[in-house]
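These are the structures, in structure tokens.
First chain A sits with chain B, and in the next complex the same chain sits with chain C.
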Partner chain A sequence: MMYSDIGRLNCNVSYTTFATPVRAQGSDRKEFSSMLHKALEGAIILETFPKTTVDVFALVLESGGSDLPVVISCASLALADAGILMYDLVTSVSLSCLGKNLVIDPILEEESYQDGSLMITCMPSRYEVTQLTITGEWSTPKINEGMQLCLDACSKLANIMRSCLKEATTSSQE
Partner chain B sequence: MGLPDASGDLSSEMEVDAFRRLFPLRFYERHLAESIRPDGRPLGRARDTTIALGAVTSADGSALAKIGSTTMLAAVKMEVMTPSMESPDEGCIAIDFHMPPICSPIVRPGRPAEAAPVVSKQLSDTISSSGMINLKELSLVSGKAAWMAYLDIYCLDADGALFDAALLSAVAALFHLQIPAVSLNDDGKIVVSEEDGGKLEKEPVNKEKRKLTLRSIPFSLTCILHKNYILADPTSEEEAIMETLVTVVLDSSSQLISLYKPGGAVLAYTSAVQDCIALTRQRVRELQKILDEANSGMEVD
Partner chain C sequence: MGGLSLGEKNFIQGGIAQDLRSDGRKRLTYRPVSVETGVIPQANGSARVRMGATDVISSVKAELGKPSSLQPDKGKVSIYVDCSPTAAPMFEGRGGDELSTDLSVALQCCLLGGKSGAGAGIDLSSLIVVEGKMCWGLYIDCLVISSDGNLLDALGAAIKAALSNTGIPRVLVAAGASGDEQPEVDISDEEFLQFDTSDIPVIVTLTKVGRHYIVDATSEEESQMSSAVSISVNRKGHICGLTKRGGAGLDPSIILDMISVAKHVSEQLINKLDSEIAAAEAGEDDS
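Moving on, here comes the complex of A and B:
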């Protein structure tokens, strides 16, 4: 591998064979791996560990919808737990557009009937978005409404994740 | 004082952690001489073990087993298939063991662990030769349809005694398995029948969800042989330092199903093998109790 002044991030997402309703050969999800990489690389302070690679492996045990946002939030929690320097926690929330309704954190069934989806990955305390994907049919006001919903959910999620990390450190100190 | 062997002398002036890393074998032997292991266990004791049944809801049967920090997740998914010509009234069971990169620092994507196919083979040999499952029970319509049970075991954390934990989770998942209710439709195809569905029910083949009858349940214990010592249920650190392993598989009535001793530097004498079997016999009783408790916990819910 080439010498590098900054750290490297390597992500891999895979599914178990029994994660999906129909049994599938447990395989790597290349598209998810690259999405996870792009979602996290902006948040990690790569300059702090030159000549080093951080591997992030995610294994989905059971898929119930909104998989990628969960994988991203979970990975950032794991990075924080490992003591990797980050600008902020990365949280991610998705929502589905079903007719007139916006459904936040959709389950598998809702995702299969959705007209469009929106996923935001952000660093809530910096109010910065690291990743935003919108697919399907959307009107501009709907997008605005959806983004606001997701951003609110992201900051709530960040609070939960933060208290989780605090609990883990206090219990390990005891 | 001449030149005594370096490690012996240094141990008094070195920090424990440094000594452990530099002279792992000496470090262990010091402990073994006092009949204790670095994690505080006596030589013959296995680590704390827990089983949680029904860990994956998308599967027909599943279990999470933990032995110390070694963690295994097993799940069974059932599919309908056409049975083979040779055995028209038997189903089939396919067992696969996976070690994803998450389980250990030595496994990386694209570079699978060597241990995985070995454990996979051992598991299917053990489960088929123990006669635990009557494959005839997996038959639906003789010659036409039978169940194919896919049993997949994932290692989530590899810290030694992989086979023991994998077998335990596999057995627990089969224990938890509920065969779904199916019926035969007009085209002669098998369809999953809705629970308490309409009265138009076609010819039901498997009327209600049912459990498999497990005739005898195999349990195993892996021991390390080192000099005259026998260490039950090794951690991955112990496995890396002392390489001779003996795995004994007994069923619930203490009958020997299989015994593996895949090479290693230490020769297993009859007495050592007998001691391993005696330790396994104790362990089988423990494991049986843990499995029963996990099961009764499920029934209360």
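Moving on, here comes the complex of A and C:
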């Protein structure tokens, strides 16, 4: 591998064969892997570990909707647990648009009937969006509403993740 | 591109800050777009789009198949992108694979709409022949021949042009097929159905360099970007998809500002593309 004066990030997302309602053969999700990479690369301070690669492996045991946001939040928690320097925790929340309603953290059934989806990945303390995907037809006010909903949920999720990390360190010290 | 000197980098960034880019364009001006349709005789529809030195081909092939059991009333559309090693040296071997998947996913997200089909450029229910048994599957294959930045916008335009060039043969279903049998069909080779492509969105990529954002970035300008947001907008001015590239985070208010700029730019782009496509179709009929 070529010399690099900043660290590298390598992400891989895969599914177990029994994770989905229809048994899947190809369990590697390349598109999810690259989305995970894009979501995390802006948060990790890669300059702090030159000549090194950080591998992030995610395995979805059971898919119940909102897979990618959960994978991203989980991966950032694991990176924090591993002591990798990051600017901030990365949290991710998705929502589905069903008719006129917006539902946050949709389950698999809701996702399969959705008219559109919106996924935000952000660093809540810095209030920066690292990744955003929208599908389906949206008007601007609706995007506004959806983004605000997701960002609020992201900051709530970050609080939970923080307290979870604190608990883990205190319990390991005892 | 790592081959830029500090001086060149400053020149590009300074130019963008002053609203005068190295090729004389303003921040929100596209390069001249040229469209050619019907370039691949074997396909049901095809188009070649050039934006400056960026050159892409898109072809549409239609095949009869079985609809998926989850959505028996809808046809199938899949989009694949291939990056030719002739486009850039880094695409050689496996190098283009990652970019190809990224582009395919982004195009699917921007053009195919939500799961229920809302906001899709292509009406999937129009592809059905016999509900639950037979449907058309559209395979949209794109090839990047030469890459000089802004691939996603060029690919989006090529797909739009290829689809307006596409004719799907009319299918006559023989009566009497019942139960679980596959119905017998007669594919006409004279009558073709055309797509309504007016709803297909265009993709506008805003590349953020420094504090400003630009459209239709060349690869030199792309090497200086902190992040890029691709927004697909249809004729009604509704957003049909959005993806973001680049590691740097963006403030939510900047994203909303980008969306309104993209809407404004897309109006001009849609009109320009439509007239180019119409001219290409007219030229093809003449020859």
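One rule holds in what follows: the second predicted complex is superposed on the first by the 173 of 174 C-alpha atoms of A that agree within 3 Å, B and C clash if a C-alpha of one lies under 4 Å from a C-alpha of the other, contacts with A are read in each partner's own complex, and residues count from 1 in each chain.
Keep in mind that, in the parts below, a residue touches a chain if its C-beta (ideal position, glycine included) is under 8 Å from a C-beta of that chain, and two chains touch if they have at least 3 such contacts.
Predicted model only: the values in this text are computed from it and were never measured.
Annotation for the three-chain superposition on chain A: chain B and chain C fit side by side. When the two complexes are overlaid on their common chain A, residue A:Ser14 makes contact with chain B while staying clear of chain C.
Applying the stated contact rule after C-alpha superposition, one finds that A:Glu62 touches chain B and leaves chain C untouched.
Shared-chain residue A:Asp28: touches chain B; no touch with chain C.
Shared-chain residue A:Glu111: touches chain C; no touch with chain B. Shared-chain residue A:Glu137: touches chain C; no touch with chain B.
Residue by residue along chain A, chain B and chain C are tallied for touches, and C comes out ahead. Once the two complexes are laid over each other on the shared chain, residue contacts for A:Ser155 go to neither chain B nor chain C. Put simply, the nearest alpha carbons of chain B and chain C end up 8 Å apart when the two models share chain A. Note for the complex: chain A touches chain C at residues 30-31, 34-35, 38, 41-43, 97, 111-117, 122-123, 126-140, 143-144, 147, 151.
Contact residues of chain C toward chain A in the complex are 70, 98, 101-102, 104-105, 109, 112-116, 118-119, 229, 234, 238-252, 255-256, 259-260, 263.
Looking at the complex, you find that chain B touches chain A at residues 55-59, 62, 73, 75, 77, 79, 96, 98, 100-102, 108-109, 150, 152, 154, 156. On chain A, the positions that touch chain B within their shared complex are 12, 14, 16-21, 23, 26, 28, 55, 57-59, 61-64.
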